[in-house]
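Next come two complexes built around subunit A: one with subunit B, the other with subunit C.
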Partner chain A sequence: MTVSTQSPALPQRPSRIAWAAQQRVLIALAALILFGALRYEHFLGAYNVLSVLRYNSMFALTSLGMAFVIMTAGIDLSVGTTAACACVVSALLSSYGLAAGLFGGLGVGLVVGVLNAFMVTRMKILPFIATLAGMLIASGTGLLLANNQSVSVSYDTDFTWLGQGDWLGFPVPGWIAIAAYVYGSVLLNYTSFGRAVLAVGGNEEAARLMGLPVDRTLFWTYVQSGLFASLAGVILAAQFGAGQPAEGVGWELFSIAAVVVGGTLLTGGVGSVANTLAGVLLLGLIFNVLNFENGLGVISLSAYWQSVVRGVFLMIVVMAGSGAARRALRTAAGPGG
Partner chain B sequence: MPSPSPLLVMRDIDKRFQGVHALAKASLEVQPGEVMALVGQNGAGKSTLIKVLTGAYSRDDGSITFAGQPIAFASPMEAQRGGVSTIYQEINLVPFRSVAENIFLGRERRRYGLLDWPRMNAEAAEILRRFAITVDVRKPLMDFSTAIQQMVAIARAVSFQAQLVIMDEPTSSLDEREVEVLFDVMRQLRAEGVAVIFISHRLDELYQVCDRVTVMRDGRTVMTRRMDEVDKLSLVAAMLGRDVEAVRSRETAFAAATGRAGGDVLSVEGLKVGRRVRDVGIEVRSGQIVGLAGLLGSGRTETARAVFGADPADAGAIRLMGRAVAPQEPADAIALGVGYCSEDRKADGIIPDMSVRENLTLAILPRLVALGVVDETRQRAIVETFMKRLAIKASGPEQKIRELSGGNQQKVLLARWLCADPKLLILDEPTRGIDVGAKAEIQALIRELADQGLGVLMISSELEEIVEGADRVYVLSDGRTVADLPHAQATASAIMAAMAHAGGASENADG
Partner chain C sequence: MADAPTLPRGRATPDLMAFLRRYAALAALIVLLVFNVLVTPHFLSLQTLNVNLTQVATIVIVSVGMTLVIATGGIDLSVGSLMAIAGALAPLIFLSPFGVAHPALGDALAFVVPIAAAGLLGAFNGWFITRFRVQPIVGTLVMFIAGRGVAQVLTNGNLQVFHNPTFQFIGLGRVFGAPFQVIVMLALVAAAAWTMRRTLFGRQILAVGGNDRAARLAGVPVDRVKRGVYAISGLCAGIAGLVVIAINSSSDANLVGLGMELDAIAAVAVGGTAFTGGQANVVGSLIGALLIQLLRYTLLANGVPDAAALIVKGAIIAGAVWSQQRGRSA
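The block that comes next holds the complex of A and B.
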């Protein structure tokens, strides 16, 4: 061995960007829960906890798909209208049973996802534009199928169990979301697909030169996002007993916000499944806390305030994150300095 | 050291792009366990040859034999599997991901179908230990210095059981100590029987670590020698396509120096910027064309950028128009009367979809604005004046600049700075990629401008341009000013001698 041992002395650079983001969102979530628990009597009561989970499971699903897309440095604007379209289709099929409604809805996600993926990987259209097209197509299709009105869900079959049912005393949508997040976490951390997602997002050219299947990775990322979005749509139909073609508006923005709050960089390459969930819960709980606050009767805030408060939260998190990201990128770019 | 069976034989490789030969009967032969240097000017065909080898390009003619087998890799990945790994100049890794991940991306170790992190981390640490590097492989790559990152790239390449490792200018972002570590690694690879193709513009480095050298020029292999049988002077001569005798025996000067130089417009002393510029001193007077010569990577462009404020200097004194300044931004230098035409016209110069008129007046736009509105009458008058004066061939001021020829685009860029009435104009490769006729026109124009009192700092890789055009020539090598030649002494041979850093340079200095 001829090599000298001086290299370990080369300075290491401090930049723990993903780590800081992780702390940030978990601390904020813990603080919000603590605040609610101390201030409101029934905040941690089973009823409140379960209904928060039941409702937010849908956002958790769209955000999970979005998280993977954003980790590849892409974006999926179509998740909201895909959910709406899937909601309508599954409502229309609900009279044929649970499986028909479920797989019919998932079919919508598959079609939109493949369409997005095809535009991004084969036609090399920017994800923003490609999924904007997917968003409009899904939205229009949903409205056409529903004749621009609410479609009632059949209560003759067990379809509504998907949204309203419980299993082992826990809401079914909650189980679905938990299963999805376990799957997502394993996929990201313990499969080569997950590593490829982060490599493509971190440096697409390098990933290509390393021989990673870049296009295949992107393809499945968009298909997966479509599938999770449509699963959220199926739950929406089952939970509210109606296929609502105009629902889902703004879900994509909520999802992007949750993913970003969860510390995933919009520039790709860094991200966490667990923190995405924390981001969803954080944004969801803000709404919940405002409801309780109104319930106390001291103040009376309209529901619109939730949007304002969420916006402020997002701003704070993004501001804190962008400083860290800039520092990190500067060190990474490094030679001149 | 002739060995019975070479590891790699590339013979009579032809590669054409749109009918133009990028490679013409280029050949390369590498023995097992040999470090082969591959050198040549920009555009000599080194990268094309490497890309043909690794399958990034297909070849039009010729044969490649690797380890006794005829081969035709379809992609860099296939080449990697076949035992040929490439390390690129830019570190092509993923900065956010951990060191271990970067080593194993694309061939992860698995257990029960899932990723086996403990094993990957242990193996990554083991691989790096071979290179005497002990770091926490779980940390993101970007936490580490460029040298470590480069080592990780090399470790990745080698851990593919490579028989041949290609390093394309791996040292350009390393400092001296880091380069030493890299050389140790290369020597160790050689000891293990791995062959290395080493591409570098720093000639000194070649002598430290290479066994043989292959020189390319104009898509051809012009020389292959043992490193200890060839001196730097003949190496430079081969790269530039000059007669070695011409380099040794100096030719006569082309023309007498004009000597109308006025006051100092620029003086630089002890300039240091990053790793590329270590100690540069230059001086430009009004009415003078000063040539800045040097091989690629010698710090010419970086010096110019520092003077212009595009990259703030780390140390040294810059005086513009007699005032000590430290330009932090181009706007600072522009305000003092400096103009800069960059090397890459397409990337940093023209805005393709804007008209000639808009492109021409971009730099003086603030002065043309009255109450927030562009004074179009004045703008048009200026544009017409300069289009006439520089004989810019366009259908009119409104033609989009991308529709113009390279020469005319360059004239518009010159005009952009000239209408700002500068005292000092920095031209980085002003005639690159321009056809012969337009080239002469632009050269004449530069001379004319200098005669009218403009100070010009001209960077050029073309020796003729420097020799014929410059009133004074500075030669940079490895970030240092190694020669300062007045016109009479600035012959091609003197400049080359200085570039090669061989004896003659210091004698000619301050002549």
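The block that comes next holds the complex of A and C.
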């Protein structure tokens, strides 16, 4: 009730929905971790935890950028190929050192992000189509630069530290992802930009009439998504020691799935940064748990089952979410307005 | 909405510009054809025609279903995965002991069962979307992720190699010199275009896409129409999956239909169907697919690497949609 009394025009975050979604995602995550911890001996071992984090940090980054885009009621299909293109560029520049590889890769994200943003805000092309074009352009550029081959990363410089290194006993990609999520959380919850993102996603026309800088908000959201995707690409190159132009296939849809599992609605206007991370970890841990289950030797599920399990899991989340969201919306819309 | 008789006819020049913008894809296709006739060696040959049509057929077949889905304001990301499932099922059937013992029945089942399965899974998409009021992107994302997994699990991820002339007629056969899948493609385009123009179902699709709520209030069975278009999209994907494995003489669940959803969506977008729904341009999707295909062929035939062709493809998609939007608002 307190939600809709302040300013009815601005689509506030319906805290009740967010709260319900938050509990659901976090409870599911906690349950999965508890299940793994009780069932498998080394599930909570340092090696497993750190390697899960090291690997999923890339998806965490693409999903964070995606979450902001989706909160504006848009979508970014280009994150996978942007990561691949950045991966190639940073590998090519890795012999000049860490900074060259890092900023070269980020440059790719900046360019693709600005391109997407230009198409969405200036040419008024639907985000789905605009970022589909951006996806193809990034993919083609990556393949051209790499000459259709895998580009090896230089081990003479400290570039690989970004993917393989540790800092204070914790993987560097994990630190990067944590920093990104802290940034994202502050941005969404404590800045006018974050409010504007939700307002634009809730009702773009209303936000425009209220004088919010709609185009500027959208512009930065797509640029930011490109930057996070390219950061993931840089980590990919550093982690696997190669710039792979054909990597990143399907990352965009995995990221969308993670954002959806995290309770962010594709209609925009609602979203949570922390739950997006929970969504990424949930989808990532499903694979991990399947591996452990195979290790026990009781059953033998091929890696192919992970897609089936992930799909069914997404379905359950969506089914549960649709009912809860509708009920919460009904109560929120009732007396308030 | 598509051909509503309310177009204001004003001065001739702006109309001509609007006309050109609206038919930008067709114009670009003609320009590209003329360019090829002049520049690309051996372009005007039956072989070139067959190569291009054969390659584009599966995309067009899938785009037919996609056009109807998009006309209802939806989208179907699952088509590639449904192709993989159909492609995985067919060899399992005709290579099975039963299929080998009864070749005629086995081949017949290898056509019917996979296409029906893909159609049923499409209908499931529609049910999921309407029953739980899920956004189509999310609803079909479920099948996109799970569907390929199912295809991989069915075949254990193995490549299925086969030689079965009866079954492979769908991909390799010729009728009066024309590749069979091209005839299937044209038949589907014609059937869908006719459905959209002449049938109640077609009108209902446009009504649902134009305004879901108004259509519901007007008594259109909105949910049934939506389930219908996703089922049709699944059927089209199933047919396309069989064509692909017939051409390859093998079925690889990891690869069949990979990325097809985006190719089909691109064809529909270039073809001029608006993603807001309420409009369906089936022939436009055919033209869009032909344009993208011919563009790639032109670039490759003139020595441009495939990767650069991707960049051009991206630019064409954005450019086509942009010019159509200006055409609509003009």
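One rule holds in what follows: the second predicted complex is superposed on the first by the 308 of 337 C-alpha atoms of A that agree within 3 Å, B and C clash if a C-alpha of one lies under 4 Å from a C-alpha of the other, contacts with A are read in each partner's own complex, and residues count from 1 in each chain.
One rule holds in what follows: a residue touches a chain if its C-beta (ideal position, glycine included) is under 8 Å from a C-beta of that chain, and two chains touch if they have at least 3 such contacts.
Predicted model, so just to flag it, every value in this text is computed and none were measured.
When the shared chain is aligned, subunit B comes close enough to touch A:190, but subunit C does not.
Of the two partner chains placed by superposition, only subunit C is touched by A:124; subunit B is not. Shared-chain residue A:198: touches subunit B; no touch with subunit C.
In the superposition on chain A, A:266 makes contact with subunit C only, while subunit B stays out of contact range.
When the two complexes are overlaid on their common chain A, residue A:209 makes contact with subunit B while staying clear of subunit C. When both complexes are overlaid on chain A, the residue A:233 reaches neither subunit B nor subunit C. The residues of subunit A lying in touch with subunit C in their complex are 75, 77, 119, 123-126, 128-130, 132-137, 139-144, 148, 249, 253, 256-257, 260, 266-267, 302, 304-312, 314-315, 318-319, 322-323, 326.
Taken together, the subunit B residues at the contact with subunit A in this complex read 75-77, 80, 88, 92-97, 101, 105-106, 108, 110, 114-115, 117, 130-135, 139-140, 142-148, 151, 173, 177-178, 180-181, 184-185, 187-188, 191, 273-275, 311.
Across the interface of their complex, subunit B is touched by residues 1-8, 10-18, 186, 189-192, 195-196, 198-199, 202-203, 205-207, 209-212, 265, 269-270, 328, 331-332, 334-337 of subunit A. Interface residues of subunit C facing subunit A in the complex, by the touch rule stated above, are 75, 77, 128, 132-135, 137-139, 141-150, 152-153, 156-157, 258-259, 262, 265-266, 269, 275, 305-315, 317-318, 321-322, 325.
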